[in-house]
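Listed below are the structures to be examined.
Both of the next two complexes hold chain A, though its partner changes from chain B to chain C.
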Partner chain A sequence: MAHSASIEASNIDFRGHAPRLVTAARMLGLIGLVLTAIVGVAAISMGDGHARESIWRAYVANLCYFTAIGLGGLIFVLIQHATRAGWSVSVRRLAESTAGALPTMAMLAIPIVVVMLLSLPGIEEVYPWLKSGYDRSNAAYLNKPFFAIRMVVFFGIWIWLANFFVNSSVLQDQTGDVRLTSRMESRCYPGILLYALTSTFFVIDMLMSMNPHWYSTIFGVYYFSISFVNNVSVMALMIFFLHRAGFMRNVVSNEHLHDVGKLVFAFTVFWAYIGFSQYMLIWYASLPEETFWFMARQSGPWLYLSILLILGGFFIPFLGLISRHPKRRAAALAVGAAWVLVVHWFDILWLALPRANPEAGAVTISGTTLVFDLVLSLTAMIGIGGIFASAVLQRLGSASLVPTRDPRLNEALAFHNF
Partner chain B sequence: MASIVGEVDNTMQDPRRRAPLVTGQHDAASITRSVASIAEIPVDQTPLGWYVGFGISATITAILGFAVFWLLFNGVGVWGVNNPAGWGFAIINFVFWVGIGHAGTLISAILFLFRQHWRTAINRFAEAMTIFAVICAGLFPGIHIGRVWLAFYLFPIPNQMAMWPNFRSPLLWDVFAVGTYFTVSLLFWYVGLIPDLATLRDRATNKWRKLIYGALAMGWTGSMRHWHRYERAYLILAALATPLVLSVHSVVSFDFAIAQLPGWHTTIFPPYFVAGAIFSGFGMVVTLAVPARQWCGLKHIITLRHLENMNKVILATGSMVGYAYAMEFFIAWYSGNSYEQFAFINRAMGPYAWAYWTMVSCNVISPQLFWFKAIRTSVPAMFIVSIFVNIGMWFERFVIVITSLTQDFLPSSWDYYTPTAFDWLTLLGSFGLFFTLFLLFCRFLPMVAIAEVKAIMPGAHGAHGHGHGDEHAEHAPAMEAAR
Partner chain C sequence: MSHASPKTVAVSTEPGALAYYLLEFETPDAIRSAARRVNEAGWTRWDTHTPYPIHGLDATMGVRPTVLPVIVFVCGCLGALTGLALQWWANASDPANFKFIPTFLQGYHFLISGKPYFSLPANIPVIFELTILFSAFGAVFGMLGLNFLPDLYNALFNSRRFARVTDDRFFISLDARDPRFDERKTREFAETLGAAVVEDVRHSPWTAPPQWMVHVGVVASIVALVPLALIARSWTAKSPLPRFHIVQDMDNQERYKAQMENPIFADGRATRLPAEGTVAIGELYEDTHYWYGLVDGKPAETMPERVELNEALMERGRKLFDINCSACHGYDGAAYGAIRVRADAIGNVLAVRSFYERSVMEKSVGHLFNTITNGFQTMPAYGHRVSTEDRWAIVAYVRALQRSRSASVDDLTTEERARLR
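Showing the complex of A and B:
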């Protein structure tokens, strides 16, 4: 077939380049973690009483941020199998590689669980339900042992799902066995169910329980929207950089880019829809047991962050990506995707950093604490992000960039928008 | 109209090739024939079955007319609404019917953007169903306002008394949301009909048909330029209708969720209502498609694979609804809020437990049967499940509206809501109206989008010269015709 020639002509073997990049990313990650430690120690020694809390918050926020990208990759892959998608075969391995970083994220989650189990100073300020006197009815759910068990279950399920789908896809490169596609399809449906439940309770545990008095049924959906839009944005960035380095040029065309761009656009709107629903309903009903969480986010410095999210999370990408032109130009889409990724990094900080109190609403923090919050978030982002990136790059370099013998690859190669 | 075509199983899955979406030996001409001929049966040869169905539906519509007349003649007291439950069947039926409509827009707009070719066989009548369902829905707020002659106050019409509806009320947002939804759905449906109306015009054998279909076809000639503009317009309408699918039922959910009432006020309501609406809508599409394909001889176009796909959507959206129920329950417990907890325990164990468990078994348990391919591809089984879905989704709205209203914060104001005969007759009558409109549509308009089905047939793109064999024809680059 004519298409096979285009695969051969196009460089889809990233193996030679990956090790160097993996090492660089890992070094960057280690530097970030060391920097986090240094800044943390400096903050503690400067006598900032909240410094330990800032470290844990920054760490959890970035853990949730990069796990979201991996989970977005997982659900993307699952949905492609569930819908027997043809167009996406040529970009599916990119999502498989972000999903493939989930085992590494599990390693990075261990410290938080350990910190909790050891009740290291500061963690009780992040998760008030860890305090010994905590006696709300949901203590049956929010307690150390159950939290640890749940983390093991969640990451266990994700690692199992990610390994199965990534390995089956890679195995097919060698065997060309069509039955692998059917097997992945038959397992993806229960996989989606498992994903929905685990991802929801993961974010309830990690972020919502920072205010154990506060509750919102849509919270899991909000995290899903962040996961999905982040992952497709990462895919758009990967396509841009790989194209620039001369990879995948004939395999991933502007048509695929266009579709990835449409997903970035669509899920930007979806995120705004979910965020609006949550805010509007709580604002309108104005029940104090719910509003204090938003009060904390619209007072003090966090107000500016809230406004940034509305403008930067919705209006700017909406207007920027609505036309087909930016979606079909890798550089323009990469700018949009990077923007979306940055905004949603702030989005996760917006969930994790503001301190709220059910009685008083906003809890004011000092300027120094705020600075340490942000600096530590940044260094933790470099740390966790570097290690996450090294895991993704390692996956990218461990097999060809395209599932070369997927039965629907020809369909993807021949695909055109109209 | 009875079909002699047997059931062809095209649900087998081979990742190497796409299964055919039109079964049997068919070409463009025979597709036109099989769809157009249904609308072309001369009036004096109308099958008896149609008359029977139409007679029953029209009679039930007459009952609706009587129930509405009686309501207007006597006042809202003929209904079972009482002091805590000021919203009874009227809002339940309104939400139910708006929800039914959502499948049509999902199929015509969202599945179009997702390039799901199988939608071509079902989009036309699903969209028709949307329009008729929204008509049924729109009836209820109209007659519930008490003084129907002042119904225009629903709209913010400038007047010398400077009287305005409350812009902060989601009920007013509903007027806009549903109004916009109806307008765009109607336009979308009509634009899609134009090429097929022209086909009927060209095939017409008598003057009246030629005149009426000709006027409706708006001078369509099928020229390249017409098609080009048509496809652009269709794409734009699909893009406009897509957010509407989400927004309409989100706004409907705001009717409840902005309140402080436990069981109503919960943040997951907007996406949960949207998923539920699509769930109920697909239930209705399967309920209608199963007999329609049988009686109109359309089994080769609305194949088993189409039905299976719809059942998968029912399973997916039914599971989303189950997720929302579970999340509401979990958070009610997690919140530690005694009112929230009471509302949910009361649903499951209180005076309306019968309604709650009807809802759970129909909405959460029955669609789970579709995990089994044997059930998913069995026409009688899916028909039964689809009826259950319809029942379950009506009861969902009943449970939400009635349990929360009748037992709120103040036990001294609690009461039991009992619908009267006129509540039931109005509900029944709305089904009569729906089926009457649907039967008229089946009789006089092309039930399937003829032009779109032709575009997904094997060989439709042979002229593009990509050298694919038949097996690849459906996903040849010429997918532009992907409808």
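Showing the complex of A and C:
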């Protein structure tokens, strides 16, 4: 077959290159975490009263950010099996590699649970429901043991799903067994259901419970939109860098790139749609118990971040990616994808950092606290991001870059946009 | 796979004139190589016809990318602007500035949820919908326009062979309107392209419709105008009759309405009066002391028996006083409520009585109750909005306020007096 020949000609074996990159990413991650600790200690010793809170907020934000990418990979893989997609076989392993980083994210989530169980200083400011005197009306859900149990359940389900789908796919490389595909296709539907529930409650627990009495029923969907767009952006970047290094050239064509680009474009619009839906209902009803959350994000420095999100999260990628040409050029798409990833990093900070108070609306924080917030978020991003990247690269290097014996691979190689 | 060029060449479309050379191929590979050669020969008015999409055939044919996306984008932008302008015009434009525009086209300020007349978050859903609508129009009608559709006649369908294009054959049509077309040379060229068959496709003769069909058509067209004419007439005509009531539902029923005449009854009224001495449930106001504050026709000096004086009643009285009365009378009853203070500040006169004036102090509770119920001078009536029980509670509270300003030493217990010393 002509198609098999093109696979042979294409370099899809990343194994030799991975270990060096994995070590580098892991070193970077450790440096980031150490830097976070140093900056945190410096902030505390400078007498910044919010410093401890800032550390936890920065950590939780970045934990949610990189978990979102992994979750995006998981749902991408699940959807491809659910729709029995042909085109995506040649890029599916990239999503499998980000989903494969979820066990590592579980390890990185342990510190937050431990900090919560030990009630270390500052965590009560992040999660007010931990305070002993707090209104206990939702204590049946928001309490330490149940929180810890839920985290174990969520990450347990994700690791189980990710392992099943990634391992089955890798196993097929050796056996070529078509039944593996059938099995993945039959299990992806309950998997999507489990994903939807766990992802929604994960972000409710991690980010929405920072304001225990504030609720938005679309919050989980908002996080889903971030995770999906982040993951496809990471895939676009991976394709760019792998192509540049001479990998996957014949396997991932401009046609596949175009489709990945369409997903980046579509999900920035979806994100804006969900974000605006959330905003408009709260704005229209104008109920004080809901609006304070947005008031906090419309006042002080956060106002600029909100504007940046509207422009950078929607208008710029919308206009930048609407044409087919940037979507079919790896370098242009990589620029767009990188932009989207940066904007959504700020998006997660926008969810996690502003302190809001149901009575007072915005809580003004000092300039130093803001600076420490941002610096700690940056160092935590390097830390958690480095470790996440090392896990992804390790997955990439543990099997071929393409599911070589997937029954739909030929369809993917022949894929052509109309 | 339309491949039309705007350039027109005068070509006969008479019946029997040559319209196309139709080339039939049996495999996709055959049509692909033939298409490449036609393209290389510089043809502009020709097309390929296949039973299913063949990847890459567009490129082989040299089809330029369509401008449709640009049309859709422009339409989408227009839709967004239309949505924005429409909402500004309908809700935020000031009709006073646009008097030259007919009233029924003017905007109208409509306050919704206390939002500004022009507020972007509320406008976005409409902008969004119109963007989609206009984009869809642009896509559908742009596609039809670029393809010169709908096309009611195409000579290709005169070929019986061409029917197999939806089944298992691949065709290239070389259009006689192409500037390169030459009856003989093109035929020779076509025969070198590896086609299984090269067919002349000729224009079919124009057959006029039968005479009776023309007559029916003319009559039907005229009849179709009648309803429109009637609508147009009634639009401008004046009539004393009510509007057409097309959907009746159960709006007009054969029954007597209140106040109508009815010959069945002796008094001729459709409305029947209740039997003598009937009292509706909850409307027996026999206890004039309680309901009207009157004892033997005079204002009552005492609280009615049904009102039990206790702390809960006083608390209720205080709450309702603060809600209903304090705006003018002040929380303390000294007649300096917020409205009175404001009236004084802007130089208006608002006569509010202090509860501590002698004349008010001397009024009976029945009198106070009546004042609250029916109002007095500028004070409005509260009988319809504060329940009877609650009005008595207010009376009790007012009395307590008055008492608080007129206590004497005798009111104190011995213990309290002892403490004062």
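Basically, the second predicted complex is superposed on the first by the 417 of 418 C-alpha atoms of A that agree within 3 Å, B and C clash if a C-alpha of one lies under 4 Å from a C-alpha of the other, contacts with A are read in each partner's own complex, and residues count from 1 in each chain.
By definition in this document, a contact is a pair of C-beta atoms (placed from the backbone, for glycine too) under 8 Å apart; a residue touches a chain by one contact, two chains touch by 3 or more.
Since this is a predicted model, take the numbers as computed values, not measurements.
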Sharing chain A, do chain B and chain C clash or fit in the superposition? clash
Tell me which partner A:His416 touches in the superposition: chain B (first), chain C (second), both or neither. both
If we overlay the two complexes on their shared chain A, which of chain B and chain C does A:Gly32 touch? Say first, second, both or neither. neither
Does chain B (first) or chain C (second) touch A:Arg324, or do both, or does neither? second
Between chain B and chain C, whom does A:Ser182 touch in the aligned arrangement: first, second, both, or neither? first
More residues of chain A in touch with chain C or with chain B? B
Tell me which partner A:Ile274 touches in the superposition: chain B (first), chain C (second), both or neither. first
Considering only touches as defined above, state whether A:Tyr215 meets chain B (first), chain C (second), both or neither. first
Now for A:Leu193: first (chain B), second (chain C), both, or neither, which partner does it touch? first
Given 97-105, 223-231, 295-303 or 367-375, which one is the stretch of chain C whose C-alpha atoms run into chain B? 97-105
Chain B and chain C contact sites that coincide on chain A, given as residue numbers: 280, 284, 286, 414, 416, 418
Going by the contact rule at the top, pick out the chain C residues touching chain A in the complex. 53, 55-56, 69, 73, 113-115, 121-122, 124-125
Interface residues, chain A side, partner chain C - complex: 276, 279-280, 283-284, 286, 322-324, 414, 416, 418
Chain A - residues contacting chain B, complex: 2, 83-84, 86-87, 136-138, 141, 178, 181-182, 185, 189, 193, 196-197, 200, 204, 213, 215-221, 269, 273-274, 277-278, 280-282, 284-287, 289, 407-408, 410-411, 414-418
Complex contacts: residues of chain B adjacent to chain A: 13-16, 114-115, 231, 243, 246, 250, 254, 257-260, 265-271, 319, 323-324, 327-328, 331, 333-337, 371, 466-468, 472, 475-482
